[in-house]
Amino acid sequence: MKPINQKAWFLVLPVFICVAFSAILPLMTVVNYSVQDIISPERRVFVGTEWFAAVMRDEELHGALLRQLGFSLAVLLVEIPLGICLALSMPAQGWKASAVLVIVALSLLIPWNVVGTIWQIYGRADIGLLGAALQALGVDYNYTGDATDAWLTVLVMDVWHWTPLVALLCFAGLRSIPDAYYQAARIDGASKFAVFRYIQLPKMRGVLMIAVLLRFMDSFMIYTEPFVLTGGGPGNATTFLSQYLTQKAVGQFDLGPAAAFSLIYFLIILLLCFILYNWMQSLGTQDKNEVAHG
Amino acid sequence: MDERRFRKRTIFLIAYLLFALLPIYWMVNMSFKTNEEILSSFSLWPQHFSLASYKTIFTDPSWYSGYINSLIYVAINSVISITVALPAAYAFSRYSFLGDKHVFFWLLTNRMTPPAVFLLPFFQLYTTLGLMDTHIAVALAHLLFNVPLAVWILEGFMSGIPREIDETAYIDGYSFPRFFLTVFLPLIKAGVGVAAFFCFMFSWVELLLARTLTSVDAKPIVATMTRTVSASGMDWSTLAAAGTLTIVPGAIVIWFVRHYIAKGFAMGRV
Amino acid sequence: MELTLRGVSHKVGAQQHLYPMDLRLTPNAVTVLLGATQAGKTTLMRLMAGLDRPSDGRVQVDGTDVTGWPVRKRDVAMVYQQFINYPSMTVRDNIASPLKLRGQLDRAAIRKRVDELADKLHIEMHLDKLPAQLSGGQQQRVALARALAKQAPLMLLDEPLVNLDYKLREELREELGQLFAAGQSTVVYATTEPAEALQLGGYTAVMDAGELLQYGPTAEVFHRPASLRVARAFSDPPMNLLIAQGFGDRLQLRPGLELALPGQGGVTVGVRASALRVTQQPGDLAIQGEVELAEISGSDTFVHARTEVGELVAQLTGVHDFELGAPLTLYLNAAHVHVFDAAGLLTRAPERRGAC
Amino acid sequence: MARIDLDLAHAYRPDPKADSDYALLPLKMSFEDGGAYALLGPSGCGKTTLLNIVSGLLRPSQGTVTFDGRDVTALTPQQRNIAQVFQFPVIYDTMTVAENLAFPLRNRGVAPDRIKARVGKIAEMLELNGQLNQRASGLSADAKQKISLGRGLVREDVSAVLFDEPLTVIDPHLKWQLRRKLKQIHNELKLTLIYVTHDQVEALTFADRIVVMTRGRAVQVGTAGELFERPSHRFVGHFIGSPGMNFLPAALDDRGGLSVADQPIAGLVDPVTGAALSRAEPFALGIRPEYVEVDDVGDGVAALPGTITGVVAQVQDIGTYWLLTAKVGPHTLKARLSAHAQPPGVGATVALRVLNPHTCFYGADERLVAGATAPAAPVSTAAAVPASSSAPEGLA
């Protein structure tokens, strides 16, 4: 039981100031813009919720939101199971483990636009290994032209880029399982699947929650990689929420709708984060008292 | 039965490692070819090995200044994030206080907010403050994402240290600052290392804010690279070389924290 | 150093961890806090050390009120259950840290003091190792050395031996007895084992569910428990409690089974396991029964028997083998019995010969 | 159920030379079918290594392990069909109690109704029948340990059930209930049980025969009575009993007169013991505090045979008995007086009778050479042969 100590606020103050400076101030400006029509720096007209209503009705936005949700769900459906399998297949200790860890974690450290560039080169039919290979196999693959090809390439790129995060989280979860559990399972004659289903999965629940939270949130705000790879094309097949918002805010400089949409986007994130965080806490406390004497 | 399952597992692992390494290999391979060779022939290995593109990067100030700028603001950001996050993580890990749950959740939501949402406000804020196109601007902007992450990871590692060690130190007569520096910090060296790794990782890879808040003086490598995309005729070779060079710092950092990577990713929760 | 608690109680959220109590620790003596887990021993000890602040009541040291003082200002030393040392420092630095912080002694004096303590606790050969390289027992010795280095007027030990091997516990308990006897500080020692309280001697405060039941010299509290609750808390194996009816000059356990003791109405007869014997002596009361289980604890055998007056536990010296279900006659001398009235308060205790 | 025979050793290094290279010194031992055995010793004495070798989690570097004559040295725990209860409760969190108990049978493809009957019977025996449908993760530590045990007991063909200090995380006041439950189950099912612990109370209570180990060597195997009355090694005398056995240096002069701690002792040693004691090398006299008789020394009182005089250093009221610590020259001797006796005052000189049927004598190699003529508790049939290796004795 943690002792109550209000003086602890002094320790938290520096963080509060830093994050407030770069969070609350900008948020106020966004709110400020979202309720005004700025015709020129001098003339500003209060328009209340007009921008919000406009954004709600904006067809293009609906398209972008649907594509974003579809993309994020696809990311989860592919990356979580793939990450688990990868974690299960990674060696436990020794130099092999370190080598595999470094190779697997490498993609997480590549700047996002370089990831885009890599796949941009990799996928081209004329100079890319993947493009050339697919063409040799007779598959007509052109991610710049065909919408589904583009969407699939962005998905595979994201899988290539972020699955290691899920894998490393699950790997950490597996590491925390005491050896006695595996011995008990061997003694009980449990099959490989039973060991996974009844020992490894329950123990990985905590980290899997973190993985789902991180992956869903990060994919929900993806911008750079698709922008570099397909520029949101062909048409708006791979234009997701962040890119749509950036076009509106920096591209066309119509600040009102952009600010309104920013707020809505932020509220969606807040809501999803709240749900997942509480679910994680309830699972966490359940694990905590179990592992208390583990 | 054991061998068959073992072989199945290693095949899957090797397949994934190939899937992970091939694209990188292809870029590195291209970085040693000249543009002509890239466009003319298709080969798995550069016919005539050329370091031309690397030479251009290391000589052309607009290129290598990008790396220097990136490293500067990443370093600033990491130092600020860690020094600020350490006391806060200690407070969250050791005490409960009014609204601690809400502040922790608020920090988490900041980590999850899309940079795009704050694009415009940062732009306005830094222009009014006259901080546009400076390393500090990008470093401060990235604080919004790195500080919550650092607090979360450090809090996880700190909760692993029994509270009785703090009490024993206070009983022995340690004052809080002396205890924190001489006793507590050495115990969470791993945590600080991993938190620094994550701060580095995030601000080194982020493009949107870094490009928007800088124009010339503090333009990071990530921004200079997007410039070549719109240049006439794709200078693929230099682009590939620049890309390869951005991977090098990442690989070095991973090697240093490889033992704590897994634990760090789980935010010390494991 | 005299520590006094005036009306101290502690409430955490809705839960009352400690009910109001007054306690004056006999200065420069060992006080054992005896009670089952969750009896509030650790909570009380943390209040005495100043690690926590009591919900209300006053903590006084030699008359001055130190209730709110931060633990740094209080001159106390504490040893925890799970051998707490500074993992990043060598054993020598661990022991020297309180001395260095106090700053009264120069380097040579500190070094001499540390070596002296290391010899006393038999860890002189480990001084340059890290605590993690030592065994559990050795790590606890380092924590003890650090606590002793301070020579604080108040020294608190929270079940220091519970995580150690059985035999190591026995050795360290004896060493602690000698260390406390030599020292001149007030010692508070928390434990769940009555045997530890008896072996350390000094004074005992029996606690149960957050209440302080009785405080007095250890032998006194053991032989004359004020109430049934104290008797239950201060006996291992549990004291045999038999319902009896008092008829003026005799107590009837069952028709035909009577003790020649004064008593009126419903009483409870408390028989310690050591009071029951298998050898008959003149004037004994014989109780028939059969063996349910025989447990061997150290140098004694505890025989659980189902008898005509219910389940009884007898303690026999040495190792004895009993067939399960074998018939057994237990003998009891009326003089060796405790009697508690209907309210559970002690009315009669066996008279005691020998040094009290 | 199986009779387990061990004839092995386990070394840290491929070519062990000195004692310290061995995690387990060469030992030859057998566990009777249906017997309850305890491996008792301080931390790091090799008892858990021995348990892991029996369970198959660890292969001995040399020697064999046989179950009912069948060589199982290379077999896995599953193939050896053993069950094990670990130090902290190991249960499948997402399952209910019933599913936990049924798990091993389901893996062996036993028919569902057979499983149900078997689980019901074992749950009844473990008093878990009330909680069969609860989630296993929510139960208390001792209930979880029962489930862990139950997973072994449900299998009718289990060869042995191994325990690795199972009571470590149990609350002190619940420990004796679980100990009693284990003993009752052993009486009912007659399974071979091997129990590792450092706590002599658990070992002496739970097991019929106890293997006392130290520094990788099985020093003595015997019943609680044998270990208490005739410890075959000084370590066993010290380790068993609370407080342990007193040891005093003794010597035999050429006339056969015995002197203990440089004090000549009146009365002669009985011929059998006298013959065994060597004239030349020094040896030690071992006597348990419970068997030391203490009398006042008065000028009128004749010196009783077999007594030495000492000065009382400390008198402790342990409640159920008085513990007297006496100084005999530089040596200390502990003696136990009954709670109702009148203890002598500190500083008084007392006569300590150390020569009686319970006295043991130990040679320079710390092994029992003679004595303890008192009849030990009835010795059960098969006596296990303790290790008699030639390796040098390196005992602290």
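Lettered A, B, C and D in written order, each chain numbered from 1.
Assume contacts are C-beta pairs under 8 Å (C-beta built on N, C-alpha and C of every residue); 3 or more make two chains touch, one makes a residue touch a chain.
This is a predicted model, so every value here is computed, not measured.
The distance from the centre of chain A to the centre of chain B, each centre being the mean of the chain's C-alpha atoms, comes to 15 Å. If you average the CA atoms of chain A and of chain D, the two centres end up 59 Å from each other.
In whole angstrom, the spacing between the mean C-alpha positions of chain B and chain D is 58. Counting partner chains per residue, chain D has no residue touching two or more of them.
Annotation for chain A: residues 3 touch two or more other chains. Contacts with at least two other chains are made by no residue of chain C. Judged by the touch criterion defined above, the protein chains form a single closed ring in which each chain touches exactly two others. Pairs of chains meeting the touch criterion: A-B, A-D, B-C, C-D. Those residues of chain C that touch chain D in the complex are listed here as 36-37, 135-136, 165-168, 170, 192-195, 198-199, 201, 218-219, 222-223, 237, 272-274, 293-300, 304, 315, 317-321, 324, 336, 353-355.
Interface residues of chain C facing chain B in the complex, by the touch rule stated above, are 49, 51, 70-72, 76-78, 80, 82, 84, 86-89, 97-98, 101-102, 146, 150. On the chain B side of its complex with chain C, the touching residues are 162, 164-165, 167-175, 183, 186-187. Interface residues of chain B, counted against chain A in their complex, comprise 5, 9-10, 12-13, 16-17, 19-24, 26-27, 30, 38-39, 42, 44, 80, 84-85, 87-88, 90-92, 94-98, 100, 103, 105-110, 112-125, 140-141, 143-144, 147-148, 151, 201, 204-208, 212, 221-222, 225-226, 229, 236, 239-240, 242-243, 246-247, 249-251, 253-255, 258-259, 261-263, 265-267, 269-270. Across the complex, chain A is touched by residues 55, 57, 76-78, 82-84, 86-90, 92-95, 103-104, 107-108, 137, 141, 148, 151-152, 169 of chain D.
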